[in-house]
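Two complexes, one shared chain (chain A), two partners (chain B, chain C).
What follows is the complex of A and B.
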């Protein structure tokens, strides 16, 4: 006879209660896994996106909110709001390189596709894109397309294919290698061609600015706002505002999960207290034939911990499955739209899994402390004389 | 009814402690329940000789079980001293008492008090595990003990599938699990038919013959007559 056997008997002695308590902790852990993997996936995606920005400053029209600024990362259509004079004034300034963007939209087979006008060579160089096939359009007003990997893939675009944007016929000149960012989901066309076809009168949506002297980023921002009627946000500010949105979301998710786990912990406390009460007599018998308080305590703690181990393992499995199912839905939601075609990693890393399992065991064990203490504290006589 | 001469215990000093396996001096036990405290024992003096067979008798509610619990280290006296096998029960910690109960005392209850979910063998083995016996020791000794109470065939039966007499024999086997010097029984035949009763009493006679000290609470004068000594507990005291 050993403790392990005893714990199993005790747990299975009341099967339905065991199952119910297990469902509680399993649900808690499942939601934790789902929330964490979605939250972590989002965050990782944003980090990468922002790192790939390739600019120190973003020049935007005055009055944009953080949400619109964040959209800069995705290639989503934004208003063309910076007039040619302002762009020209900024380009006059020394010590900076300006990459203007004109984000417009189009549709292929009735599906919306982001289209962005860029200065081809400069942008390709600054973003360190590499080509999967074809070449970068050369002429400024060429009706040619450089397609992101994801759009090319989903619409089966290949070099030489023709497509119509705003009534003009463009030819695919090149297809980019996947970069793992929102750029993968965008069709790039030469800026001058975009301005002409979309009749923006030389206006652009925003501009990315690279500052030569990294110590003079703030000064450069100042000079830009002095020279033109625009707002400037630094990559760090942009990153901070994106992360703060993501953090708010993932903190909320974590709180929900924590509440679920906490509720489950109270379920364990409740079950264990009931068990303590029901097994009063049994505890008294065990004590009167020589069981130490410590051993009673240990058995109860082991029972509680078992809920953590079993519930944790099932929760991890179910949670991973659910995250996988939810990922495509989440990837289309309004908030994550700017993450573009990039996928959210649904499976939490092994270290996180171990951490969650460990956490489940710790929580369950902690939940067992009070009931186990109550059980251990019973004196043999009071437990036995209880009828 | 050959009670030991009281004078010997009082004047005997250290030698008395050796021949008396249990010594109780002015033991009081008060239960502080809700409301009025219950004075279950009000100054018990008692000596039990090593290897003797003693019966405790007395009216219901007068403190027999309470006294037996003190002797078995299941509880401590509120005041006074209880010395069993050289150990001072009143001074021992919970952990010390648990070890004492596991190794040195066998306790049998009126209502069997087996663990119902476990098998007969597991009930006995559990008691052994409290004394730290290895799994192999547990198995071999359990078979031996169950044979000695005539229950080898019921080894793997659930405890709650047994008859009262069988349960009580398992309880005795369990009490003997760690080969204790002292066996304490609280009305072990109170719930048994006469056939089961004589089976159990036969086993106890054998254990007494082996040299174990036995103290048994009973309501039956007929049973008490089989003992070497009868001690009457009345109103929380032992009558001389």
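What follows is the complex of A and C.
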């Protein structure tokens, strides 16, 4: 009997034990795939959101933490803390274009919805939005809404529909095409109308600044902080700040998944040790008819590696399917809403999948080292005499 | 060669199946215990952004930021704000004042309550309705829950 057939026979000799051990490694790999998909999905969405913001600099109130910087990208409610005078002073500076945002909120059918006051034409042009229907509100204080694709779809909003925001009746003037970003879930209203209805006395939440001369971004940031009592972060700093939080979350998720894989590895050790114990007589007979220690060792290692290959492949398939199902469910808070709010590629890249499979094989093989060594060092007399 | 009859084979698996079913049931129960109502509730920031937009009875989840000296009122802050920034929120945080007197001057709704106030930093789910009074809008509380326990209800 060749080695391959021997390995298959040994593994399938106890099918229930084979299946149960396989379930362990499969679950570990599944959880690793799901966690890596979520982490990668979050990072990809944040990159996209940051690019979509179209700003070289973000002007914020002083003292914002990373949590509020995340909110800049997700369009959720932020304090109206930059006064009108500061905004006016910034807009006086040459060589920059300023897009102010006032992020507030409301509700439709008792479901909270984000609302953002913007300068309509400038923002639509800057973000390169397309209209699915209707038109962009024109008047500065028009009680009109430009609805994101997802929020319009969720609540069945169409042009001409009436909405009550802060007690004022707004009319849906237009619905945007899906952008694949957090903007899809937002109701946009003219900035002046938002400031009036939400009684912010001309204040805004933050401003996105585009700098004409990309070599002078740092100088522009300095000029802004000299002109107004605000903080300025570059788009790269904002991204780094947000990603540092995401990376911490992602790393934590991977550690949890790695623990699951390690647990499965110990399951393999246990299974292989039991197999060594149960097959003493068989090992003894193999040695007495001339099998070398190396062959015994190889056989057991191959069995362990097979758990890694089969469990890894099944885990990859199941993990991909589970991450597709779980992603929308997990997006229940502002931070992970990126993932649920837009299409996320839940299939890990091929390179990552190869890495996961390779890792599974390595872990399973390493788990088999000790049992294989124990099996190989049995003497024929010891093995056969055991009853 | 040992021959195992089908019935005997099934009996061999019975303990495993029973154990798996028990483990699964416990997992489901553990997952369902607590947190389910908080997941359905509205956040404090979302409510305070536009309280008039909410109608009928709603559930609001928040963390107790303050308890009044005479123990007749509490304020709630948003759960996510609390988890990120503690009792002093980063910014943009609405606070939700709740009037819960058990005796003496009633709440704006005219109600008195029975039970005990939640403690500072307790995560609670408050069920009630947004109503208007002369002084403005207020949250007319029906019930205050902490986890699976009901802490306060209106006196009937």
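Quick note on the criterion: the second predicted complex is superposed on the first by the 323 of 387 C-alpha atoms of A that agree within 3 Å, B and C clash if a C-alpha of one lies under 4 Å from a C-alpha of the other, contacts with A are read in each partner's own complex, and residues count from 1 in each chain.
Following the convention adopted for this analysis, contacts are C-beta pairs under 8 Å (C-beta built on N, C-alpha and C of every residue); 3 or more make two chains touch, one makes a residue touch a chain.
Being a predicted model, the structure only gives us computed values, none of them experimental.
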{"item": "First (chain B), second (chain C), both or neither touched by A:294", "value": "first"}
{"item": "Which of chain B and chain C A:16 touches, first, second, both or neither", "value": "second"}
{"item": "Which superposed partner A:81 touches (first chain B, second chain C, both, neither)", "value": "second"}
{"item": "First (chain B), second (chain C), both or neither touched by A:244", "value": "neither"}
{"item": "Doubly contacted chain A residues - partners chain C and chain B", "value": "none"}
{"item": "Interfacial residue positions of chain A with respect to chain C in the complex", "value": "16, 61, 63-65, 67-68, 71, 77-79, 81, 104-108, 110, 112, 115, 164-167, 205, 332-334"}
{"item": "Chain A partner contacts - residues on chain B that touch it in the complex", "value": "69, 72, 74-75, 94-95, 98-99, 101-103, 107, 109, 113-115, 117-118, 122, 125-131, 135, 138, 174-175, 177-178"}
{"item": "Residue numbers on chain A that touch chain B, as the complex places them", "value": "1-3, 5-6, 9-10, 13, 281-282, 285-295, 379-381, 384"}
{"item": "Chain C to chain A touching residues, read off their complex", "value": "13, 16, 39, 42-43, 45-47, 49-50, 52-56, 58, 80, 84-85, 90-93"}
